[in-house]
Amino acid sequence: AGKYTIGISNTVQGNGWREEMICAMKAQALASGEVAKLNIAHRNTDAAGQLEDIRNLISAKVDAIVVNPADPAGIKAGLEEATKAGIVVVAVDQAVTEPSAYIISNNQEQYAYLGAKWLFQQMGGKGEVFYMRGAAGASADSDRDKGFKKALAEFPDVKVAQEVFTGWQQDQAKQQILSFLATGTPINGIWTSGIDNVIVDALVEQQAPMVPVVGADNAGFVGQLNTVKGLVGAAVTNPGSIGGAGVTLALQILDGKKPAQQTVLVNPELWENATDAGKAKLKSAADPSLSPEWPVSISIPDWTTYTKDQIVACKGPGE
Amino acid sequence: MSRFFRNQGWVAGLFALLIFLFVVTKLIQPGYGSGDFGSLARAVLPYAFAVAAQTVVVIAGGIDLSVAAMMALTSVTAASMMNGASEEYALFVVPFVLAMGLVLGALNGILIVVTRVPDIVVTLAMLFVLQGAALLVLGAPGGAAAEWLKASVIGTVPIPGLPDWADAWVPKALVLLVVCLCIIWIPLRRSRLGLSIYAIGSNELAAFRSGVPVARTRIIAYALSGLFAALGGLSLTISTGIGAPIPGPYLLASVAAVVLGGVALGGGKGGLLGPIIAVFVLRLVRTDLTLLAIDPNVTAIIEGAIMVAVVMFGAFITMRSRPAGATP
Amino acid sequence: MTTNPLLDATGVAKNYGAVAALRNASLSVPPGEVHALMGANGAGKSTLVKILTGAIKADAGRILIRGKQLDVRSPADARRAGLLPVYQEPSLIPDLDVLSNLRLTGTPVEPFRAWVRELGIPDLDIRETARNIPLAILRVLDLARALAVEPDVLLLDEMTAALPANLAEKVLEVVRRQGDAGRSVIFISHRFVEISALCDRATVLRDGSTVGVVDIEPGIEERIVEMMLGTRIEKTRVAARAANDVAVAAGGRPRLSVRNLQLGTKLNDVSFDLANGEVVGVFALEGQGQDELFAALAGSIRPTGGTIDVDGAPVKFSHPSDAIQAGIAYVPGDRTEALAMQRSVRENIALPFSAGLRKWGPIRMRREQVVVSGAIGRLQIDTRAQGEVQRLSGGNQQKVTIARWIAANARTILCFDPTRGIDVGTKQEIYKLLRELAGQGKSVLFYTSEMEEVQRVCDRVIVIFGGRVVDTFSVEEADEPALMRAAYGLPRGARADVGILAEVKPASDAEAAS
Amino acid sequence: MTDIATMPRPVSFGRRLKRIMADRPLIPLIILLIILVVILQILRPGIVNERWLANTAKFAIPLAILAGCQTMTMLTGGIDLSVGTVATMSAFIMATQIVNQDPAVAFLLAMLPAMLIGLVNGVGVGVFRVHPLIMTLGTSLIGTGFLQVYQRTVIASGAKIPDFLNWLGTGVTYGFPNALLLFVPVAVLIVFMLNRTGFGRLLYAVGDNERAARLSGVRYWQVITALYVLSSLLAGITGLLYIGLIKAPSLSLAEPLVLPSVAAAVIGGTSIFGGRGGYTGTIIGALILTVLTTLLTILQMPEGGRRILFGFIVLFVTAAYLRIVEDR
């Protein structure tokens, strides 16, 4: 059907968000009708490994590469070589430093800032917050930390009771929150970097006082915001479907429709259950049929054209 | 002759497999050329050093779980030292980082010797320690690498007397790898120290009774491992231009390649050439999988299956070729 | 003592937890002396050698080398001080070839080669990996490696125990010349023949203490045995046809019947029978196919031709468990092959009880305890360090390998040199035991490297040469010259003063007289 | 004790104490555990309460069962790196199949891959003599691949945690976690099996000296195959328990437990070289690691510092334990 071959490089495997991203890429490639074949390099590796994948994709002579960068700067050389070889390069989810690459990305700093600011407001501008970060040393984590610190600076009376790294692992996060609850340290709010539903579970199991919780728009957590009694919280969108948007952008460029700027930022939204308006939004967003680790925002208006069935089926062209 | 095959048969077989894979690659992608080979060499670089690091200690009868963490620490150290520094400063950074690998590797060895805790536990503990240290050096990926260092793995080496098309098949990264490994390995292999490393891996008690200073030899083996890991860390910084505190997938890959390369995990047997060829094989398999656009979820299955199948095959032929008379 | 001793150790003690391996050992050797170190199994001989050569550290004691107190902390130090040991276990590095092993220890190659030839191995391939070399040859290489650096003191721990007669003979010859050349040798052996042929004096250890130093002279053996064991032991001719007691079922089927057994180039057309209640000896020089014969009968390797019948029914063994199922148990000569060293004596003895799939369930501990202690008692195993077999002395380990099959009540036992490294007292016990087993109707195939044992325990002897059975003797005919001739492949009745006969015979006469 | 009386040195109180501890290696381990708990209580007064104890037990139990798999395989000189993948697979399959299937059918489906992987591991190690590290690493890669392929087919159907598993994983009755109902029988069974059954004996014997076991009539492949199947089945059950505890099926659910499970077995005194060790020590080892994790979580320090501390404490604990126990 289509005429293009698109290469995809991703360096985290087995994580719900990333799996959704890959499925969005496949679904979008299929829905666009312009893609003959996807060539996906999807494994757990580092920047050097991603360079290897990108170069393999160059060897495979793809028309465009959509990449979720392991690191903004670390794959610069590979992207440069791709551009030189006449391949369109689009980075999703995170920016890259290579100037020739196009970027369509979630704004990680803004993601953290938005959630943290809402949380601190809920806490009445004072009190202790349990700060549950992602993986130590990951660049998305340090971007989010910037946003969190920015919000913290705006609320001088809010203190971080404890800072932990969950490694974006459910089990680790749960053990951490349980240990922390056992210390009996009073807290007024919990900010999580997307490992959210196990936290609410832990609060419920331990019959601990419910405090406001900020998480991401993962299906599990959104469901909890709608159903768990006494839970006040907010889900900040971090659509994995950005992958589909990346494919769309790449196709546009291949078709000669270059965007005005190299960088397109998708700004996060915040859905809370403290107000009626927010509740309604959450209700409509909830999707219990999705895996609890999958973000519910499975599409991005203007950028993706596939149906829910298509992304859930997770099939690309030719499959 | 038969002894050559008994000793080197596995390496020769691996090499044949590598050649076969190159042919396959060329069939899949007729345009596969010298530039792509250069990419392969660059991809191999960090793995090869990780594998060299693992090989030394495995031959000495140990195992080093801290290889990848050591690479991360040396990589971030190099990247943060070179960040904003002059090009010449890198001339100091490189030896500094190598010395650091050597010393930390020796520390592994010293801890094993002094605490008498099994090496697998000591290096596991050191994995956490080194990872932690890497995080303290750089909390997030960052830093920089000197331009001349980055250039040292890009392009090819003009060899006088060779035609241009042949030069194109001599990527700098490959030359760098071969030179670094040979400078360290060949003199070692020929020295009494090298024999001692094999000896303690083969039978520690017999080695001790043969007058080998077991503790010192073990420490040196780990120090060398640290040195190779530092080279691996440097090559990470050089190829990416940054340092990342989270270790890459080099630990398990190194163990797998060591075994594929014909080095017995019990120690005392094998050499460096086999594991290095194994690294090329494994990287080339990945290239082929990408070229073939195989479903990424299936690639994990294929990589695992290849690993298991090759090792099973090796076990099978050893079982078959065991001379009839020998008591098993 | 007029000359100053080269090596002088006094008051050496070593404890392993509650076990005192050495309490108060002393040893003094002047230059040019071949000095025997004797003692029962577990007396502490090996421990003393290890201490003298820096392989382990003593808890107490004073060691002077050439009158000076040197700091010998490792075998490397000992080597520099001129002390070179050949330990009870081979210490070549298994994965290195012989040449690399030499380089590792800084041994000059040419003298080594010369010694190897001298010691009776004309065609050693120096690039061969040590792992592929038979144990007996390895022991000789170990010795050659020590000799090549011309040490002042050579310490040989049961050097000859694993050697066939032809190699042992060469070793004795070479060692004697060392003494003549002014070097000292400390020589550990349980074989009096060797001691009397070779040594000038002997230090006797009992329970970790030196109980006496004697000059070797004819008739001294009894005194030494007395000192070693604390009591006098009866040296009986156990082989006094105990088989007569049980009327071997006349015309009954043989227990084991081997016909035309073939194994590659190693075994050729081997045929013999083993009856119930019979002990059949196998005598051979090193490497004549006896290892393969035993391995084939034990199910460890598959023969390439011929048949094996058990109780008249043909069998094919593909795994030792098949042989065990048929009631045939194998006791290898090398105990490290047979023992789980970190496990207890009890578990080692009870190991065959759990082997079959059907026996994987719960163990009846009390019954096991009874059976195991019965076997321990019968072999008089010194169980002071029974928590781990590796802490037993070499001889006691050897006993455990036999005790296992006594406990399992095996009907046929293939013993490959079972008295290797066992002291005289225990040897007598083992001979008695084998005869008793035969008396109970069991059958034993018994390979030995000591001719004397043939006469002590066997009913018949088969001699193997070049993979063939060259002769069969009844015990009455099996005198040493006859055996030796056959072992060298000479036809019966041929007159030749071959090999060891000329050398050792007087000594063995002396022993027989005692 | 006449032997002691003849010892050249007088027996000090310290030596006697050491001897007592050496004879009962559990005592020093328990003391180390108590020390950690006391430190925790000092750092955060009041933390050691009933609820904390229950939570610690909840997290220690899955770790302890997986460490049981490692203990058993390590006794034979092996290691089972596939337990993480197996546990994850059973958990994920259970959570997704329960949606449309009868619980019993879902359970069988969940245990099926565990059984298969165990069998493949067993045959690879026992028959083909592939090194266990490589074999289990390979099957775990293959398993992960299959899981990802499988995951795509069930995205649409969603996931659910069965109430029973939820109750088992998180529930507490009279202050005791319900998970003990699973763990106590499993632990008793493992301990009994290792000490009082023929199979247990064979694990030790095979790990200590395979040739000796063979000469005693043991068929190596039978023991090893049974062992790896057993290990995998235990890992599968752990997966079910773990999903009840975490309540979020992910594709890497139990992977983070793999290295700690090895560490717990080693801290508990099991030798990675085979033939030596036991399960009771392993249980304490798992508790020590769990308490240590808590301790580090509540410490206010940079993440890098935490990891460094973790590494050194693990090393120190193992070294101290060895020091006390050795030379008995």
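Letters A, B, C and D name the chains as they come in the text, with residue numbers starting at 1 for each one.
Definition applied: a residue touches a chain if its C-beta (ideal position, glycine included) is under 8 Å from a C-beta of that chain, and two chains touch if they have at least 3 such contacts.
What you see is a predicted model, and the numbers here were worked out from it, not measured in a lab.
*Asks:* When contacts are scored as defined above, which chain pair ends up with more C-beta pairs, A-D or B-C?
*Replies:* Comparing A-D with B-C, the pair joined by more C-beta contacts is A-D.
*Asks:* Find the geometric centre of each of chain B and chain D from their Cα atoms only, then give the gap between the two centres in Å, rounded to an integer.
*Replies:* 30
*Asks:* In whole angstrom, how far does the Cα centroid of chain B sit from the Cα centroid of chain C?
*Replies:* Inter-chain centre distance comes to 46 Å.
*Asks:* From the C-alpha centre of chain A to that of chain B, how far is it in Å?
*Replies:* Distance between chain centres: 34 Å.
*Asks:* Touching at least two other chains at once: which residues of chain D meet that condition?
*Replies:* If we look for residues of chain D contacting two or more partner chains, we find 144, 148, 152, 303-304.
*Asks:* Residues of chain B touching 2+ other chains?
*Replies:* 134-135, 139, 295, 297, 299-300
*Asks:* In chain A, which residues are in touch with two or more of the other chains?
*Replies:* Correct list: 13, 136.
*Asks:* Tell me, which pairs of chains are in touch?
*Replies:* Those chain pairs satisfying the definition are A-B, A-D, B-C, B-D, C-D.
*Asks:* Quick check on the complex: what are the chain B residues that touch chain A?
*Replies:* So the residues of chain B in touch with chain A come to 29, 31-32, 36, 39, 42-43, 46, 134-135, 138-142, 150, 154, 236, 239-242, 244-249, 283, 286-287, 290-291, 293, 295-297, 299-300.
*Asks:* Within the complex, which stretch of chain D touches chain C?
*Replies:* By the definition above, chain D touches chain C via 1, 3-4, 6-9, 19, 22, 192, 196-199, 201-202, 204-205, 208-209, 211-219, 222, 226, 275-276, 327-328.
*Asks:* Show which residues of chain D lie in contact with chain A when the two form their complex.
*Replies:* 44, 46-47, 49, 51-52, 55, 58-59, 144, 148, 151-152, 155-159, 170, 242, 245-254, 256-257, 290, 293-294, 297-298, 300, 303-304
*Asks:* Can you tell me which positions in chain C touch chain B when the two form their complex?
*Replies:* So the residues of chain C touching chain B come out as 55, 74-76, 79, 85, 87, 89-96, 100-101, 103-106, 127, 132, 263-266, 291-292, 295, 300-301, 304.
*Asks:* Under the touch definition given earlier, write down the residues of chain D that touch chain B in their complex.
*Replies:* Residues 124, 128-131, 133-135, 137-146, 148-149, 152, 259, 262-263, 266-267, 271-273, 302-312, 314-315, 318-319, 322-323, 326.
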